[in-house]
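In the two assemblies presented below, chain A is common to both, partnered first by chain B and then by chain C.
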Partner chain A sequence: MQVFKLCLNIIKKNLHIMLIYVIVFLAVSLIMSSSMTGTGKAGDISFTGKKVDVAFISEEESALIDGFKHELGKIANFVEIPDETEALQDALYFRKVSYIVRVPEGFSEGFMRSEDVRLEKTAVPNSVDNIYIDLCIDKYFNTARLYVRNLKDISQEALARYLESDLAPAASVEMITNGKENNDHTYANYFYNFLAYSLLSVIILGMSALIFVFNDRDLRMRNECSPVKSGSINMQFILANLLFTVSAWFVMVLLCFLLNFKNSLSMNTVYFLLSSFVFVFCCCGLSYFIGNLIKSKGAIGAVCNIVTLGFCFISGVFVPQEYLGSFVLKIAGFTPTYWYVKANNEIAKLTEFGFQNVKPILSDLLIIIGFGLAFFTAALVAVKNKRYA
Partner chain B sequence: MFVHIFAYRLKCLMRDWETILWTMVFPLVLGTFFYMAFSNLYTNEIFNPINIAVINDEQYAKNKSFREALEEVSTGDERLFNLSETTIDEANELLNENLIDGYIVVEMPIKLVVNNSGINQSIVKSFIDNYIHASSAVETILSIEPEQIQKIIDDIGNRETYVSEKKSTGGEPNTILLYFYTLIAMTCFYGGFFGMREINDIQADISSVAARVNAAPVHKIKAFLFSAAASVLIQLVEVLVLISYLVFMLKLDFGSKTGFVLLTAFIGTITGFSFGAFISAVVKKSEGIKVAVIVGVTMICCFFAGMMQHEIKYIISRKAPVLSYVNPLNLLTDSFYSLYYYDTFSRYFKNIILLTVFIAVFCSGTYLMIRRRKYASI
Partner chain C sequence: MIVRVKNLVKRYGDLVALDHLSLTVNEGEIFGLLGPNGSGKTTAINCILSLLKYDKGEVEIFGRPMAPDAYDIKRDIGIVMQNVAVYNELTVYGNIDYFCGLYIKDKNERKRLVEEAIDFVGLRDFTKFYPKKLSGGLLRRLNIACGIAHKPKLIILDEPTVAVDPQSRNRILEGIMELNRQGATVIYTSHYMEEVERICTRIMILDKGRAIATGTKDELKAMITMNEKITVESFGITDEHISEIRKLPNIISVEYKDNLLVIKSGKGKNSFETVLDFIRKNEIRFGKIYSELPTLNDVFLEITGKELRD
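And now, the complex of A and B:
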């Protein structure tokens, strides 16, 4: 088993580079899990209105503005930002708030006298949040205007009281959930999607390093004249590669179990495991292909980075697929990661596991296997060309 | 002498394809990936009319005022809704296929049917609430002043706007651009590879090329500066190629102050180069370790400048402002950001001054390390 041992030694030597990816993976998973605890809702059952982050700055104090702030508070989370141009602008840019509203001095008095007074806003132009808050502001003051114009000498306090009772009733909202039991697999979904990046990086780095060593001309010639059958050398080499890839997969999947133990005991997890295992097969094919193509050691890192980042960016590993443009997704269709992420997203939504339900997932997995086979075939062609050269 | 060293150094560096790949091709490729992945994020925030349905039954036909209100906000360019009038079965089907965000049933009280709690659904609800609230106000007023009925009907028809937008003089708050600014900052700092190489090729105890250069009758600092000029030139061209690619091919906005953008690129290049030289002079280990330090420090600084998640930059600047001043990559990113987003220069110049302080520290540190090293034998 000399060849097998040699392979393990090579992997051991390269382990520190691969560990970086495992650590990044672990860190991202931990951040994800900590940010998700607390929001762990098991699907929406009743309707909850959205709240927008708003910076509310008032240059005056009045009963009208108090009432208005109270009403706005129903659809806004007020964020405290110091009243400085730079702090406010920064908060808007980084979406700490989506809307800044300023009540200028004298607004309430002007309003009570039916003058043309306005609040000042700074918001992301034409954004949905912008429209939402505008609607609320206009609603409040248009209703208030009815009172001011029709009830003579109404005081601000009385106006605020009337408005509070007028604005209390709300439309009834019925939520259709189709009676589905909707377990929360958001975390597992994110985790297994992100697994594509780490797994692909680790397997490409590890396998390419092995193949690169064994492709060395002098070493190959030396190996060929050794009293070990070439079949045995190949078998040991394949065995070592298998051991490496399966352990890489196992370690990362184990992390998911540990971090998300509560939600892991379901049928969905079995499918997540299946899809990630199929993806590992494809990674092997791709790594074998890359390992046989590259000619220098420095190129391993470059190719690995460009391939993994490229695949992951366009297929929805870092940015969810629904946010990607249709053109980008069309290109992404030519990468195995796209089908892997697509399969994972579908698995996360599964609530029933009949053949009809899992059929689209199985077809995605078949496509990934097809990619794997294509990579292996291409690699074998490359190997063969090299041999005759 | 300058021309000789400069020209040969240029030739020599350009043949090092691996460094060129990392410092030029990699950022270009990464920029393209950023563009493909992020370009839709900002447009996703933009409001598009919401697709809704209303059940076209007897009650809806009877409730003239609600029908008119709904029709008013569903017509014109600035409409809120794309409204379709359907039967209840059609509406359910549309909702199941997610072709509409919800449908309205006109009964007492008016009901909204949705299948999830999103912002679009909230806007529809807000519109219905609006109608309910106005009706409630009318009732209250009429109970106090019954003779005002005609005036109220007139008033209710004239809705006014009570907010005016304060136009910002700088750029739009497009968060996505920040990722590209950090990318340029990263590219500038990848110039550190050139800085590292210059030190490796001038310190006689590191490489045989350096030993030969030291034996030549040229002052060491002169030899270093002349070849460094070649490195900086290559790096600057690479950064400019990246910026041109982002501006002309990907059509990203850097604001209108082109001259200052170029100045920032130049200062960034010098900072990156001097950073690499400094690391190489200080870390007396193998080239692999030096590369690891340069890449590691660059990536950590990139992280804190918001390359992986833009909110990090904001959190750091609010919670630990000192950290954002001692991170040269953040200063560079912030320079591009303030040129784009602010119409004043104070923040920009603060960044640039701090960057020049970094350059001074890196350069003097490097100088103190490499000066007057003579070897009797190596």
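And now, the complex of A and C:
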């Protein structure tokens, strides 16, 4: 296993450069981890009723309006605003309140006589708050009208009591996600996306350095003069590369487990692991291609930076894909990192793991495998051309 | 017979790199392949080792046909490449150990052989050095150590002293002779005739891929008409003087260039005294005067009409 040991020695000699990328990766992961601690993500599965800021101006006092104000108070925070046009408009404009309701004088008496009386309202147009308060007002007065029409001579006090009791029951709201526990995969998503940069860098640096050394004509000839079979030399070389790439992948995913253990025990993690492993295969192909193209050892670092940063910037590794322009994303479609990030984003959203749910992810992974095979093929063509040049 | 090459032909397109080359190397010999750059020495070695495919011919080593998969034959061959072929990522010790390990599986034996090789090439003080920290001469020594550590029966050295300082060169040549004394058969290629003349027991002169002469150095020198070369540092030599020298007995050629008069005489009587008498008689002013026996360069010059280093 001389060749295998030699490969490990060569990797060891280049380890310090690769460690820089691992340390950067670790630092970013730690920052991410700490920034996501205590962000209250658990709140995503609980429901709290919302209260709207409302200016309530009443030009009369009656039991009906008191009851109405009490009922409205369940979903509204009453904000005191002077009853002046300019002050009210300013309050609405600066969103001090979202809704102004005015009870005109004689409203209660007119309502009790079943006259067509109306509340005056001013609200932010097309806002959710507007509809929310409208629904509440309609519900109160529609119910009140039923009593007024059917119980002759009902007093305002009695009406208010009935309404209070009728509208008291409230539905309890529980957030469910198809019956599954909804783990937070935001961190894992970010981690595995960023993994593209680190893995690509480390694998290109390590494998290209190995291939570059083994492509040296004189060293190759010297090895060919030895009694070790060329098949054995190739096998040991491939084995060393496999060990290196799988180790690099394992170390990095282990970091994710350590930093995000709580959310790691889920099916999503299995898919994250699968996608990152498939991406490792593609990285190997790309590294093999680069290793066979470069002509000087010094160029490895430069080519590695250009390729990894270029791929990662346009593919959504550093900047989420949602923020990238459609033209950029179209170009990114020609890089494996784009499909890897896309697959990860889809995995993070997964709650059901049936074939139909997983299908888009599998097709993304197949595209990544396709990229890997294309890189390997291109590398073999490059090797053949070089040999016969 | 250790190596037998018969009618080896290697072409690169229209260029014939080896033109029906035949040679034999006997056990215990230091066989020299001498020729100018581009004469086909390295191509011949690469074909012998099956590193290059050849168009025609046969190669046998240790009495068996040589092929890329003749691993049993390769086990007993040590190769020292023209270019230094060592791993920059390994130390001096690591490199020798790696290449020795390709031949020797037993760890203890390998360790012993590596230690011996280190002492043999004089790299004891540099075992922990990486190749980039070594001088050109030390690198060449490391290159040799990597090729001979496993104690091969046949050692092939392809111009191992190129760009080496005289001190290291001397050490390398002494080492090769010592390896030969220890029982190894050596094939040594070089374009330095002094080296080949010094260490080789039998020499083949190559030019344009063809063997133009083979034999011991004395046999080669006997092939040419020249017996002695007299060089005189002299001033004021005229064309008349040169014509008169040419008429002296046994003189075969006279040249005068840059105040150096070079006279070559044929086999038979020595001409040194005759030339000296002529100079005195004609009162020609002269500085140094010396006589040399023919060299391999003279052999090459007479056969091909050009200098070895042309």
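FYI, the second predicted complex is superposed on the first by the 247 of 389 C-alpha atoms of A that agree within 3 Å, B and C clash if a C-alpha of one lies under 4 Å from a C-alpha of the other, contacts with A are read in each partner's own complex, and residues count from 1 in each chain.
In this text, a residue touches a chain if its C-beta (ideal position, glycine included) is under 8 Å from a C-beta of that chain, and two chains touch if they have at least 3 such contacts.
This is a predicted model, so every value here is computed, not measured.
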Let me test your reading of the model: by the given contact rule, A:L373 touches which partner, first (chain B), second (chain C), both or neither?
neither
With the two structures laid over each other on chain A, which partner does A:V213 touch: chain B (first), chain C (second), both, or neither?
second
Quick one: is A:Q2 in contact with chain B, with chain C, with both, or with neither? Answer first, second, both or neither.
second
Pick one for A:P227: touches chain B only (first), chain C only (second), both, or neither.
second
In this superposition, the partner of chain A with more touched residues, chain B or chain C, is B
Let me test your reading of the model: by the given contact rule, A:G310 touches which partner, first (chain B), second (chain C), both or neither?
first
Identify the residues of chain A that lie in both the chain B contact region and the chain C contact region.
none
Please name which positions on chain A make contact with chain C in the complex.
2, 5-6, 9-10, 13-14, 213, 216, 218-219, 221-230
Could you please specify the touching residues of chain B with respect to chain A in the complex?
18, 21-22, 26, 29-30, 33-34, 36-41, 44-47, 80, 92, 95, 109-123, 125-130, 132-134, 136-138, 140-141, 144-145, 148, 151-152, 155-156, 159-166, 168, 170, 172-173, 175, 178, 310-311, 313-314, 317, 337, 341-342, 347
Show which residues of chain A lie in contact with chain B when the two form their complex.
44, 47-50, 52, 75, 86, 89-96, 101-102, 117-132, 134-143, 145-147, 149-151, 162-163, 165-167, 169-178, 296, 298-299, 302, 305-306, 309-310, 313-314, 318-319, 323-325, 328, 331
How about chain C: which of its residues touch chain A in the complex?
46, 49, 51, 68-69, 71-72, 74-75, 77, 79, 81, 83-87, 89-90, 94, 98-99, 101-103, 146-147
